[in-house]
Structure formats: C-alpha cells, structure tokens
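My questions will all concern the structure given below.
All chains are identified by letter, namely A, B, C and D, in their written order; residue positions are counted from 1 within each chain.
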Amino acid sequence: MIRVAILGATGYTALELIRILLRNPQVQITAATTRQEGSPHISSIHQSLTGRLDLCCEDLTVPQIIERADFAFCCLPHAASAAVISELLDGGLRVVDLSADYRLNDPATYEKWYKVTHPDPDRMAKTVYGLPELYGERIPGEQLIANPGCYTSTSILALAPLLAAKLIEPTGIIIDAKSGVSGAGRSAKQNILFAECNESFSAYGVGGHRHQPEIEQVLSDVSGEPVDVVFTPHLVPMDRGILATIYARPTSDVSSEDVLNVMREFYSGKPFVRVVDHLPATKDVSGTNYCHITARRTKGYVTVLSVLDNLIKGASGVAVQNFNLMAGFPETTGLDPA
Amino acid sequence: MIRVAILGATGYTALELIRILLRNPQVQITAATTRQEGSPHISSIHQSLTGRLDLCCEDLTVPQIIERADFAFCCLPHAASAAVISELLDGGLRVVDLSADYRLNDPATYEKWYKVTHPDPDRMAKTVYGLPELYGERIPGEQLIANPGCYTSTSILALAPLLAAKLIEPTGIIIDAKSGVSGAGRSAKQNILFAECNESFSAYGVGGHRHQPEIEQVLSDVSGEPVDVVFTPHLVPMDRGILATIYARPTSDVSSEDVLNVMREFYSGKPFVRVVDHLPATKDVSGTNYCHITARRTKGYVTVLSVLDNLIKGASGVAVQNFNLMAGFPETTGLDPA
Amino acid sequence: MIRVAILGATGYTALELIRILLRNPQVQITAATTRQEGSPHISSIHQSLTGRLDLCCEDLTVPQIIERADFAFCCLPHAASAAVISELLDGGLRVVDLSADYRLNDPATYEKWYKVTHPDPDRMAKTVYGLPELYGERIPGEQLIANPGCYTSTSILALAPLLAAKLIEPTGIIIDAKSGVSGAGRSAKQNILFAECNESFSAYGVGGHRHQPEIEQVLSDVSGEPVDVVFTPHLVPMDRGILATIYARPTSDVSSEDVLNVMREFYSGKPFVRVVDHLPATKDVSGTNYCHITARRTKGYVTVLSVLDNLIKGASGVAVQNFNLMAGFPETTGLDPA
Amino acid sequence: MIRVAILGATGYTALELIRILLRNPQVQITAATTRQEGSPHISSIHQSLTGRLDLCCEDLTVPQIIERADFAFCCLPHAASAAVISELLDGGLRVVDLSADYRLNDPATYEKWYKVTHPDPDRMAKTVYGLPELYGERIPGEQLIANPGCYTSTSILALAPLLAAKLIEPTGIIIDAKSGVSGAGRSAKQNILFAECNESFSAYGVGGHRHQPEIEQVLSDVSGEPVDVVFTPHLVPMDRGILATIYARPTSDVSSEDVLNVMREFYSGKPFVRVVDHLPATKDVSGTNYCHITARRTKGYVTVLSVLDNLIKGASGVAVQNFNLMAGFPETTGLDPA
C-alpha cells in the first residue's frame, strides 16, 4: 500500500487524480491539502466524490505531510510548488509536480516567463520531464518528476516523431491550439464565467504564452537542434479537451502516408498514443488518457492534428502514468486502456 | 432628446439596456457609473460596444448624475439601489429601478427575504410594479417604476390570465423554473464558472428563493385572493432564457383549448406576449422582448409553459418598455416587434 | 470468459456498454450488429474506440449471434427487440434488453403507448424489471432482464423509499424531469441538431410520455397501491444527465430530515445510490453509475431531487449491473465504485 | 414598398434575413419557398416568428415568384440556385444569391470544387462579388450580386488591407478558421447532432475546403498578384460565430501598430468593420453585422485575428447590406449600427 498526498486538492486536476487513484487498490489517499479554513471534507469541495473518499482537506505543514505519505502529487501554483517540494524530497517523499516549476531547465527562462524568482533553481536542469512517451526509461528511478503542461504534451507528441526523423524544418512552426475552459483552473475569475465563455471563441496570449518555451525546450532536445515555434492558444466553449493544429514546412516532398508511417513507428508499443487515419475530435479522447494524432500533406506544409483531454493525458492522467512508473505499477494502472 | 444615465454599468443588464437604447435616436446615454477605478471606457467593460458608444464609466456622485441626466436606469444591487434612488427622485430624475428594492410592498417581507433593512421603506407600497401587461395604464405618469424580476415575469405572465378568470386554484401552485446562467450576474463566483455550470443541470434555492414572495404578491393582487406558490429555480447550461413549467389545479373541468382562449383574450393587443399552440422553447424568444406561453390540460392539473429572455423581457427589455411608456415613446421603441 | 454480443451497436448506449465491458477481462465482445452495409469496423462508427476494440459490425442473423455469443445486450428499437429476443432465448442466450419491450407487464398498455402490436406478449409479465436496487434478488437466476428507462430509474429511485414507507400520497405526484440530448438517440433528426438544441431549453411530450406508465407500474408495485404521476420531460442543452424535480404531498407532517433518513435506510448497502444532503447536480454523477438523491420539505409538498447519467445508470451502467448479477460477477465490476 | 421573395425559406440564413427585413417598413416579404408539402406556415418552420410574419411557405414556380416579388434572396443549394436565377433575372427581378454559384469567376474551378456542371457559366465572371467593403461602389447598379461565403468574408476582411498595402507576402498564408455549427446548415445529418458536436472540437476539410479558391480569387484581385492560402476549418461547439487566426509573413520589419494603422485607414468610414486593439471574441459580434479585426507582430509572422457572426455578417446581414445598396436604402438599414 502506497500512501499518497494531494497538495492543493481543490482544483480540477486534483479531482481527476483522486478519481484515477481510487481505481488502484494498492493506493491509499492519506492527505489532501488546502488553505481553506475549517478542514472541509473532500466531498464538500468535490460533490462528485460524495461517499467515495472519506477525507478532510487540511492546511497541513510539510512535516505533517511527510509523516502521513510516501508519495505526493503537487497541484500547487508555480513558485509555491517548488518552495514546498525541496522539503518534501528532503523528507524522503517521491513527488510528481504538476506545476510548471521543474519543467524548464533554465532559471533565467523561468523568471522571464513566470515573473518570479525560482525558489529552487539548482534542481531545475536535473529534473526529468515527465512525458513517458519520450523519457519513460528515465522516470522509474527518479524521486521528482516534472509533469508536462497540457498544451505542451499535445504539441510535443504531435511534433516529436517528425522532428526526430528530420521530416520537417525546426523553425517557423505554427501551433494553433484550442483548449476547453477547465484548463484555466477553478479560481473565480470574470473571464472564465459561464456567460463570458459560452457561445464564444477567442484567442489569448497571442505571441506570449508560457507553454511556448517549454515546447521549444523539449522539442529542441528531441531534434538535437534549436526548435522555434509560434504558439497561439484559444479558448473553446467546452469543459475539456485540447486540439492543436500544427503547420510545419517539410524538408522534402513527403506524402501524408510517409508522415503517418513515421508517427506509427515512433509510437509503436506506446499504450496511450494512437496514430489515426481520420481527423480526430477532442471528444474521441474525452475522459481518457489517450492522445490521438494524425497528419496531412497540404500545399507547402505538413498539417498535424493532435487531441487529448487536458485534465487527463494533459495533467492528471500522465501524472499517474509517471507515478505508476516510479512506484513499479504497470504504466496503465487506473488509466483504462483496452 | 432624453439624457439617460445607467447606474451600475458593468453587468449584463446594463449592456442589454445600452444595446436597446442605442436604437432610439431620441435617447442619449450621458452617464454610466461604476465603482471601478480609473474611469474605464465602456468598450473596455463591454467589448461588443467598441465603436458604438463613446463614454467612460465613472464613479459619479448623485448630484453629478442629476446634472447630466433626465432619466436613470438603476442596475445597482438591492439596498444600494434604494439608497440612491430617493436622492435621484428628489433631484427630479425619473427612474426605472432594476433592483428588487421597490418590488415588494411590505418592508417586513423585504427584510425577511433580503436580510437587510430597507433604506427607503415608505416608498415601497406606493411604487408601481413595472409589468406593463398588468399595470401599463399606471406607468406613464410615474416618477419611479419597480422593474420586475426575471423569474417573476415569466411566472406572472403565465398565471395571471388563469387566476383572473378563476380557472385555477390559487393555492399549492408549483412553479418549476429553469434559467440560463446570465441570470446569476457577472461577478466572479466559483459556482458560475464555465467548467462548473457547463454540462450540468441543478436546482438551487429549493423552498426559499426571493422571487417567490414577489410572485405571490403580484398574483394575489391580480386574483383578489391570497395566492400561494412553491417555486423551484434551476440553472441551465445556456447563456440566456427562462422556461417555467407550472402545475395548477383547475377549478372546473376545463380543456386545453379553454385555457388557451382565456390567455389569448387576456393578452389581446399586447405586443410582447404571444399565446402559442406549440410547446415553446427558450430559443424562440432569445434576444427578443417576447414572452411565449401555452397551456395543456393534464391529469389533474393545468400545465402552463412560459418562456422569455431573462436579460430582455425579464430585465432590460421590459425596463425600456417602462421607459417608453414614461417618456411618451411608443411602447415598442427599440424592441423590434413585427 | 463470457462471449458477449451487442445488438444495435451504432448508438450511444452501445458505445457506453463497450467502454464498460472492456474493463472486465473475463468478457469478450464477439459480435456487434448493424444494418449498415459493408460491415464497418467499430472504430469507424465510434472513433473513440480506435485501437481499443478490433471488431466489425455486421448484419448478423440470429443463428449467427447464437453461435458467437453466450450473452446479448439488445440495443434495438422497441418491437424490433422483442422480435429477436424470443429466438435468442430459445437459442440459450441470456439477454439484457435495453429497449422498452419487456418493461411493461400489460400488452394493452404497451400497445396504447408504443402504437404497435407486441411481438412476444406472453413473456411481458414474467420478465423481471432490471432495477437492481428494487429487484436485485430476483435478477441472478433470470434468462431475460428488462433494462429500465432512463427517466424511469431517476424517478423510481427517488420515490420508492417514500412510497414504501407511506410518507407521501400515491396520487397527483408531479415529476418534472430534465434530460441531456443524448437521451434522444443518435439518428439524424432535425430537432436534435446542435443548432436547434444548443442555447435552448424546452419541454416535450407534455402529458404523454411513454415513461409515465412504466413509472406508475413499478411504483404501484413498490407501494402496494395504485400510483399516479404527471410526468413532464424537458430537453437540456448538455450531452448527458437527468435531473428529476419531484413534488409529492406528505401523508403527515414530516421534516426534511425524516425523509432523508427513510431514504438512507432504504439504500443502505446499495453501492450506486447515494442519499446526499446537498442539492445534487447532474455533473456530480456524469460518466458514473451513481444516482444521487435528496429531499426537502417545502410548503405543502415534499420536494425530491434525483440525478443520474442517462447513458450509464440510466441505461448501459445498470445493464452491466444486471449482467454482473446474472453472470455471477461482483455487481460493481467495471462500474468504478469506490 | 419593395416586395421581397425568400427562396429556400427553411434554413437559418432565411430566418436571419426575415428578422432583419422585418425592421425595414418599406419592405414586404411576399413569398417564401420550400419543397415541403402542404404549404406550411412560416411560424411552423421557424417558431420564433410566431405572430411576427403571416406567410405560408409554398413550392412556387419561377413565374409565380416573378409575379409576386421585385427582389429575391436566393438561399437554395449550389447549382439549384443558378438554375433558377437566370430565369428570375429574365423576369426582371433583382437578386442576391446566397449560394456559391456566382462567387467564382471560372467555371472550371467551380466544377473542380463543387463536383457539378454550372448551369449558367457565362454569367459567373460578370457577377459582382458582394463584399461591400471592397466592391461597394459597383453594387448599386447591379441586377445580381453573389453574396460571399462566411469563412471567406472573415478571411478576406482580415487580409485585404495588408495585401493591398504589400505588407505581407501573398503566398503561404495560413488561415486557421473556427466556426459555430449553424454554418453547417439545418438539414438532419448525424455529424451535426447535438450529442456529436457538443463538448467537442475538430477540424474538417483539411487541405480541401471550397472556400479556399474563393478566398484566393478575391485576395488575388485585391493584391494584383496571385495569392495562395492554406485554409483549415474547424467546428466549435457554439451556435454562431467565426474566428480566423491568420499567419502571414511580413515583407518588411513592421510592428503591430504599423499593421493596425494600415487596417484602420483601409476601413475608415466603413460602418461594419472595426479595427480593435484587444483580442476579439466571437461573442463580441454575435447577433450583429460587425466584423472585428486586429493584428499582432509575432516571431516571423503577422498574426491577424478576425471575428464575425457567420449567419449575419457572414451571410444574411451582408446580403441585406447588398440589398440596401441595390435598392437605394441606407447601407445600414435594419442592421443596427450605432
């Protein structure tokens, strides 16, 4: 039995983590934290858990967490996360960090995009990036894993095979990405009210979203040369799901089928990435840990399409994949693959 | 030219008011108030107004409003509204109050349901209730009109003809009402976030919503005897629209057609209420000032269905109807009837 | 290993059945039928199953089905279902019928509401109604189970404890029910197009929906006296979920807590029905086999609220509950209870 | 008084046309056609028109239309439209054609993309393309106007100023466009059912949508050199609205402000196109005839964003703009500009 703590238990990613972990009989969720006063029961924060998990969310200290748990999923905001994680690691816990704190290798890049000094900069470059399809072999032995961003996984899984095979130019890649609203979190903000987002579609962060340097860092690592992307996120009036439409210039006169074959080979044996022939919809993977990708040769470009559920394969599902690899469970435990 | 002030200009009802009033060339919107700092331009608060109204929202004092305007629409929260309105009236302005402050006649009932002492109790019973289909003849001469609640108009327009004709029992009436999310306002609250409301349907305020005493007061006035209703509001994952499904016991063995005929006669000549034969959908009246109603005789009950757009016929549209009657414009000015 | 056939595999209930059954390693889906030509692969009909189930949908004869399967889930339209089922039973298959064909006991009632002659009337009264919370003890030994309707389960689970305890009057019960659009099926019809249903809310079948006699039959059986309800269904712009708001007259002066206690006792030990204190939302149970119910004493009425996922607890989830009981699996297999 | 016929009155564009035309007291809608049997009243086809227009939809012959009307809006499918229009023109009617039949100049291009022989090829190159912001001076004297496609107007209005000013390269332009579901029409098809589209986002027609040659033809005309675009349409779970995110390579080192200034000058005095500083949302223009556009200089590209309501500025609103210009009404009649 592994005792698990969820740090920052009030948001959507925490809820998904709990739902998935409840399927693993060898896991016991022993701690859930919040800054809310009064130690509310988890079912008053997530009504859907009524009768499924008997646990109160508490404002626990790090020593209390260390005492209660062997493993921690950290769903805290960036900077707050790293401030806690170094202590958790010192206390012997193993950690999957769902914040952005250990994704980037370079403290200067982090500070430029997140506008805050990193509390634990030395550990940044050493931390393995938790995308099991790329770094799965390095994950089992690690004490800390940096869980990827949702837009970044969607984009990286789509582009990695083509960059690794040098099928596309590494520069000027356009990633036009669209996400459901749950990606914006559960804090009360006017711009994500129902009556603001519903029946509306809009772009945001044009030319300056924080997932851009993360995508570039990982893809540069994959391709072995500097990758440069223009990333435009959009808000879709739906709960969950990301679709990325990606335009890259081919290095030679490849066909759609050439590109699909490279993708299929790259993901052979990977349980959660499916290369499909049809045009995928976010609904195809909603509520699952799958990523579906396809590609088409279009006039002057290779157009790649990639979909996943931002809360699962884009956050809590891949976090459990990482946890499974770290804890020695089958990679798919709790994640429902056929 | 009538100079109009919008008090509390940041919400959805203010936006709808402005959209409607812009269609009347004899109206000039000369003031819009907000407590936000920095006097933001109206188009930064309501992007859809970009290029349509050149006006800044200011934190104006009552004397400033009196100097700039002849007429005020008051979209302030309850209690805040009445605190300002008595001064506006003293300054000679005419006012349509979209808050709940002057709808109820009895200060004690108000205090019971709104949990606050009324700032101007003496004026409550004297103020005409601004539902033109019932009180249209009294509206033109008034200085202050209490604009009805959205659920209340939906319910009252459905039931008034049947109670006036004594076709149904005045007690035990069940009003099962469903509203789009814009009815909950534009303040950032977690329960009206997109990812909370979307793909969900729920009841709220079971047995204790503030529109219940308002419905009972007006319908008791219409029927000449005490009316008693059980009112259950629900939240529908859509922007706008209310549908009320109402169950009342018939006083005699009436048919569906009998009921429809009584309704048709009651609303003969009224431009905004349509008695329809089909089952109405909220979409039929979305974006319009119409209310569509129908009725069916069912086992032991008369089932009445009523739909309107909560932001228009349920708020800003009827407010302009009241304004038109007060200002001497045709009742339908700006309100698009065929 | 149990070999399972899905008859009528192109709809939403079939998809949910497959998703649930794929979690049970002792089940093999060996046949899926459709009238579509060309034996399309299941993943071309349900894109989300790509890579998860390798099976073609065929226009199989009954003998072919009998040869390939031990158990059949029948998702065919009413009348078409009964026409096939008697043969399947003769061939030794065990069957859960998701159509309406064996729910009602009385052929005359069936013909009145479904406007068709029943192909197998003698079996109607003998078939057990597959609501395991009421008839769970009778289900294991049966060869054929009639899977309940979605509105009916929502309503029956809410009312059964109160009628069994004689807390409410059995007549004049109002069931105001609201369903997501998936309940209307997957056949191309104009009234369920996205641009028709979205941003709209409407009632349908006022005074005459087919689930009304089914609700009355089962509740009369539970209460031991004739139960009479007025049932009004509504369409909610969401994929899935049903909420029923139910108004019944109490037989004595009970409190909310009295009613909740009776409910809690009734469902003690039942894994999928939760009596909750809060007002439930359909989203709380979306994607799950749970039903959440609560009650409030309101002026003159007991108001009961009940939610479930129409495709799961309202259709395919309860079908698998029935299958599990029939096949000797734990009742919760594949159904994710904590 | 101008007598107007609506050919093909059952769809969404016809409904919007009627709503707009009802605001012009000098227009009388005298004919509405359908192939449905039984001459249904317009309010049974469009419930929202109940009580607003008393007209039956009939299967009229061309001579009957010519007798009843002076002007026709043709909302028929492509090919069917051109088959009728030549006769209408011979009969002296003036026509706005909302189909694709007269948009392209070249019959061979038409046949390639629409897979049908054009019934009236000689008139194609002569017909003025009804985008008043570009061709407004030529419209008043014409007998036939080809109303633009919805994606095309969104794209052309965004790109025309930049191509006219030679600020961007004319080749390799990427148009990533997203549309609400009403753009797919009102015919019952499984892929646009609510439960298919809702909570889903997907691309379609990758590399091969019919609006691509239309965009290229008009933009080549504007820029005076061949324009070549890659166009990818997507389906957004909302009723109405299009947003196009466009990536073009600048010809020189322009800033965001440079681009915005060129846009502002280009649309100076045009009532329905607003160049905005913020990132526009489709909701800003929903239900209106406005198009909002903006631009940003991003790494290596100019990113242009453009939004409009596909049923209004993308179809029926611009059709009425064209009608107003042809009939001598102010361009904005019925179209609500402030």
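The working rule: a contact is a pair of C-beta atoms (placed from the backbone, for glycine too) under 8 Å apart; a residue touches a chain by one contact, two chains touch by 3 or more.
Every value quoted in this text rests on a predicted model; they were computed, and no experiment measured them.
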item: Chain separated most widely from chain D, comparing mean CA positions; value: C
item: Distance between the centres, which are taken as Cα means, of chain D and chain B, whole angstrom; value: 36
item: For chain A paired with chain B, centre-to-centre distance based on mean C-alpha positions, whole Å; value: 45
item: Chain A residues counted as touching two or more neighbouring chains; value: 180, 196, 198-199, 237-240, 280-281, 283, 286
item: Pairwise touch network: line, ring, star, complete, or other; value: complete
item: Touching residues on chain C, where the partner in the complex is chain A; value: 22-23, 44, 47-53, 199, 274, 276, 278, 280-281, 283-288, 290, 292, 336-338
item: Residues of chain C defined as touching chain B within the complex; value: 171-172, 174, 176, 178, 180, 196, 198-204, 206-207, 228, 230, 232, 234, 236-241, 243, 245, 247, 279-283, 286, 296-301, 303, 305, 307
item: Interface residues, chain C side, partner chain D - complex; value: 12, 180-182, 184, 186-190, 192-199, 237-239
